[in-house]
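Okay, so subunit A shows up in both of these, paired with subunit B first and subunit C after.
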Partner chain A sequence: MARAVTTRTKAINTAVAWTLALVIFFPILYTIITSLKTESEAIAGFDLIPSFTIESYIAVQTQNDYFKPFMNSVILAVGSTILALIVAIPAAWAMAFSPTKRTKDILMWMLSTKMMPAVAVLVPIYLIFLRTGLMDTRIGLTVMLMLINLPIVIWMLYTYFREIPGEILEAARMDGASLWNEIVYILTPMAVPGIASTMLLNIILAWNESFWTIQLTTTNAAPLTAFIASFSSPQGLFWAKLSAASTLAIAPILIMGWFSQKQLVRGLTFGAVK
Partner chain B sequence: MATRQTQSLATIMRAPAIILLMIWMVVPLAMTLYFSFLNYNLLNPANTSWAGFFNYRYFYTDPAFFESIWNTLVLVLGVLLITIIGGIAIALLIDQPMFGQGIVRILVISPFFVMPPVAALVWKNMIMNPSYGVFADIAHFFGVAPVDWFAQYPLFSIIVIVAWQWLPFATLILLTSLQSLDGEQKEAAEMDGAGVVSRFIYLTLPHMARAITVVILIQTIFLLGVYAEILVTTNGGPGYASTNLVFLIYRAARLNFDIGGGAAGGIIAVVLANFVAIFLMRAVGKNLD
Partner chain C sequence: MMRFANALLCASALSMLGTAALAETLTIATVNNGDMIRMQALTDDFTAKHPDIELNWVTLEENILRERVTTDIATQGGQYDVMTIGTYEVPIWAKQGWLLPLDNLGDDYDVADIIPAIAGGLSYEGKLYAAPFYGESSFVMYRTDLMEKAGLTMPDAPTWDFIADAARKMTDRENGINGICLRGKAGWGENMAFLTALSNAFGARWFDMDWKPQFDQPAWKNTLQSYVDLMNEAGPTGASSNGFNENLALFQQGKCGMWIDATVAASFVSNPADSTVADKVGYALAPDTGLGKRGNWLWAWSLAVPAGTKNADAAQTFVSWATSKAYLELVASKEGWANVPPGTRTSLYENPEYAKVPFAKMTLDSINAADPTKPTVDEVPYVGVQFVAIPEFQGLGTTVGQLFSAALAGQMSVDDALAQAQSVATREMTRAGYIK
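Our next item is the complex of A and B:
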């Protein structure tokens, strides 16, 4: 910088930015605080200092069997991500290293499937799930979440794979490496960071998906999105409990999200902004 | 050089993804199209018959349909306006030298990772509740009557919640773009005597144009599908005041068991989404490579 930043400017920047950041973060902070209050404290008016009780956390488990939707969320998010990777890694690999004239078109077409509104296929998917007994099953929903995130996963992997220098692969081929060896010993180690980022982003997206998870579950396969949504009925007005359930529902993803800021930008903009 | 063998292997490797997405795209859409021409109600499936364009006519003559289209547009445009302007402002601010920049960034992007039902219920209960919410406490502090947000301004309240969720996304992308701006260019402009405002208009804004385009496109796709936030707060009401197209179709298909009507609405949603996609792509096409 040509111009030295005075301490005063820096202090003002800091004050303004921190105030704004805390206002934006406030609903999350207040949820965490409320989760540590008793139910009567929770509706007793604004108070930033709770009594630090964990009774609400115990209550969501004992009264609402919280562990079940939580595990459903884990299984759906991780399961759909692994399924998507199994399909997407070979496809992205092929398009990145053996591109044809149509590769660009195929990629654009895949992107366009993401533009189809979910609600447009609500009726057939709902009926298919009803008829085939997939309704309220984890396997059905896992496949659904895999399908809706597949275009993003392929795109993201594609942009990562393209950065792997093709010369290395060619050198390996010259040395007589088979395609299988090429993938296992050369490509995979170089691709692991990209695959890990893709995985992280997809788990976040699948964890928070709130249309199909609510439409296609009732109790057995209901993940946290559907479980929390059931708190919207008037008799569910227990704020401390709602806050405890919410805190546990967002904490793992919030922490993952903090570590994946860069990947998020790349993944959600289909590599258009890096 | 790719040999014929690797080429055919590549085809095999691409195939599962392409076939899956093809099935995923064609089969349900074809079914939706077919159902949209049927009189088909799950409460009375024996009476299913060919309906021609009845379902479309029904949608078209229903005042709720136009209200929901209008609400959809207001919701999308309202959230875009808030997140783009707010995102640019916050990105410019965070880009300044300060203490604890990393933590500020983390705090600002956090709402994006909150699942929609949690975001909506927290805002509905703890922030906007007319009796016990934080806004009501603030109103009491200033001696004003608290506002019953979801009863009086249902759509606006939902816009606020959705904008809170997407502001971090816009900020993060615009900040990433801002940080890739060449520092030397900024200095040169500064040396040439360009003020803060003209530097922003002639240097920063054009540099961010691509990122802004991307934010608009991606957010629009997601904002057209807002559902859970409405379900847990207003349930589309009062009346149809906060019903968007997604919620209207959900009502028809799931609450009224009207398969034909829901399907016709779905086809309309596809047309609308395509219209928006084409319109946006064209309007901003020159900014995308």
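Our next item is the complex of A and C:
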């Protein structure tokens, strides 16, 4: 029987939820507000009312072309996500439906690679990229982003696949479905919410990745993270311009997140309630 | 006729292919400073003169740029053909063989015209390894109206005692006026740039001739105690978080009586578009204490060619264009003399048009008052006025800067900060093999 929720409890829950949401969203909101200030207003102190000038946006566009790094970000985020799914779906399928004694260890090992600070492997990766001609190429960076996000993608898909009853796949096999057909026609359609949310999360992670995208690019493959980094100045006020560049950089992913929030929440809570 | 036309077409295509094959692309790494951004906007002049050279710009935050460029140069990556570096890196990288000597800058370049103090900081074993794009020292910027109100007259070459006295008299907490604004934010290029330069005036030094740290000597105690006391009495609140940009904003908003910082700041504080006190700013040399050295630094953002480049000749052609006399005239013709990159060429300061810029003479005098090869009162084994040109200084300078910033914030005493600085510096210098 469902527990009765009083109006007072509802009000408290709503207030807490809104407060939390505002706290989480506030840095982004303040970035947008700062982008609409003059440089002297931006550094003057905390103030939520900007003068609503767009001079920083004009300065940002005059100084750097937004379109090229934007296109690079799109290609890198989408490309690395597709590549990661191609590798991760069979891997997660194998671990979810044909587990061995070492499956858990393999999963833990994959996750442990995320615990290492990226800078620890900077020099070897840098040298590999140099020697193989991958430096400052979209292909090289797409592979790199795919590799660094692969453990999370496999983990997420593994969790979703575990929720799918193995008997359904067995029934398909009984009906003569091949392995390929089993994955493509039975498993994948059933796991669409999970795959979609994994895809969205991976796009966000790849879009925001700033260490490798700055270290392994110069001009050709530099995405929006490098675009933002170019607006910090050691001598001269830059906060408003930096905020304008950041707003332009996060706007596409923010809009995408807004429109796909139902899918994201559905996927992220998939299997949470039984 | 048809055959002739085909032959002509083939020849044209081959010629186009040849031009494309001959075109070189230079990748230039730089910081986001006003003068650098202006240079990017003026590169049409360069490409018109050198249509066979294309330019790609990589603009990054100073620390990211340093990290990227260091990784690339240490691995001989060849990602950059021209890089913007400072006077700290040049002698260290030249010694490592990471930079090409600039010996092909052209007949009309006039190397002898580069201000000697700047050229000295960019040379190693007598060879120039970077060409200065703009040079700077530090000096006192002060509010003429507040100085007058305090009943004082700023001399061209003030003492530290005068500065301290004036700061206390100019302070007006009720009206939000701080007598003096100085750097407090921790970092080898932030508070330690100011404090190391100031310590030279107090007779202090980082190391003696045996590389033994000197923070346990009275001269450092005098430096740090005077600075902390003055900032507590006449400085802004939260000064331990203030760097160049924070103090610039305070001064522009009329909240500082004096500000001792980079000479390049003069063009910002005197610009009426951004500064509320643009017409009330005076300039003076950084203070001394009568020991023969002033508390001003020397720095030059410079263009260098890494040894790993595949386009060395084209890179030197670009460096020559960007640091030439003709470039200064180009900027003057487009944006006025006040916006010309300062502090690089003697001839600029002999130009009667540039002499009209109010801070021009004081900038040159400040640059000339700094000697990176003899920065301190007592002899030292290193070069560098506000830094020590050894690879270990970035890390060590920042650690000591954190201790001094903590002393300013009141989180530890001056004595404790100096004792810890002495201990850390001794450990690091021993570990690095300087102390036997």
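The definition used in the following text is that the second predicted complex is superposed on the first by the 181 of 274 C-alpha atoms of A that agree within 3 Å, B and C clash if a C-alpha of one lies under 4 Å from a C-alpha of the other, contacts with A are read in each partner's own complex, and residues count from 1 in each chain.
The rule is short, and it goes like this: contacts are C-beta pairs under 8 Å (C-beta built on N, C-alpha and C of every residue); 3 or more make two chains touch, one makes a residue touch a chain.
Keep in mind that what you see is a predicted model, and the values were worked out from it rather than measured.
Of the two partner chains, neither subunit B nor subunit C is touched by A:79.
In the superposition on chain A, A:40 contacts subunit C only, with no contact to subunit B. Of the two partner chains placed around the shared chain by superposition, subunit C is the only one that A:63 touches, whereas subunit B remains out of contact. Once the two complexes are overlaid on the shared chain, A:219 sits against subunit C while remaining clear of subunit B. Applying the stated contact rule after C-alpha superposition, one finds that A:127 touches each of subunit B and subunit C. Once the two complexes are overlaid on the shared chain, A:231 sits against subunit B and subunit C alike. Taking subunit A as the reference, the larger set of touched residues comes from B, when subunit B and subunit C are compared. Of the two partner chains placed by the overlay, neither subunit B nor subunit C lies in contact with A:50.
In the superposition on chain A, A:140 makes contact with neither subunit B nor subunit C. Residues common to the contacts of subunit A with subunit B and with subunit C across the two structures: 43, 122-123, 126-127, 214-215, 226, 229, 231-232, 237. Subunit A contributes residues 39-40, 43-44, 63-64, 122-123, 126-127, 130, 135-136, 214-215, 218-219, 222, 226, 229-238 to its touches with subunit C in the complex. Considering their complex, residues 1-2, 5-7, 9-11, 13-14, 16-18, 20-21, 24-25, 27-29, 31-32, 35, 90, 93-94, 96-101, 103-119, 121-127, 131-132, 134, 137, 164, 167-169, 172-173, 176-177, 180, 183, 187, 190-191, 210-211, 214, 218, 221, 224-225, 227-228, 231-233, 245-246, 249-250, 253-254, 259, 262-263, 265-267, 269-270, 272-274, 277, 288 of subunit B touch subunit A. Interface residues of subunit A facing subunit B in the complex, by the touch rule stated above, are 1-3, 5, 9-11, 13-14, 16-18, 20-22, 24-25, 27-28, 30-31, 34, 43, 45-46, 87-88, 90-91, 93-95, 97-98, 100, 106, 110, 112-128, 147, 150-151, 154, 170, 179, 204, 207-208, 210-211, 214-215, 224-226, 228-229, 231-232, 237, 239, 242-243, 246, 249-250, 253-254, 256-258, 261-262, 264-265, 268-269, 272-274. Subunit C contributes residues 27, 29, 31-34, 37, 40, 56-62, 64, 67-68, 71, 75, 77, 79-80, 189, 244-246, 248-249, 252-253, 262, 264-265, 268, 274 to its touches with subunit A in the complex.
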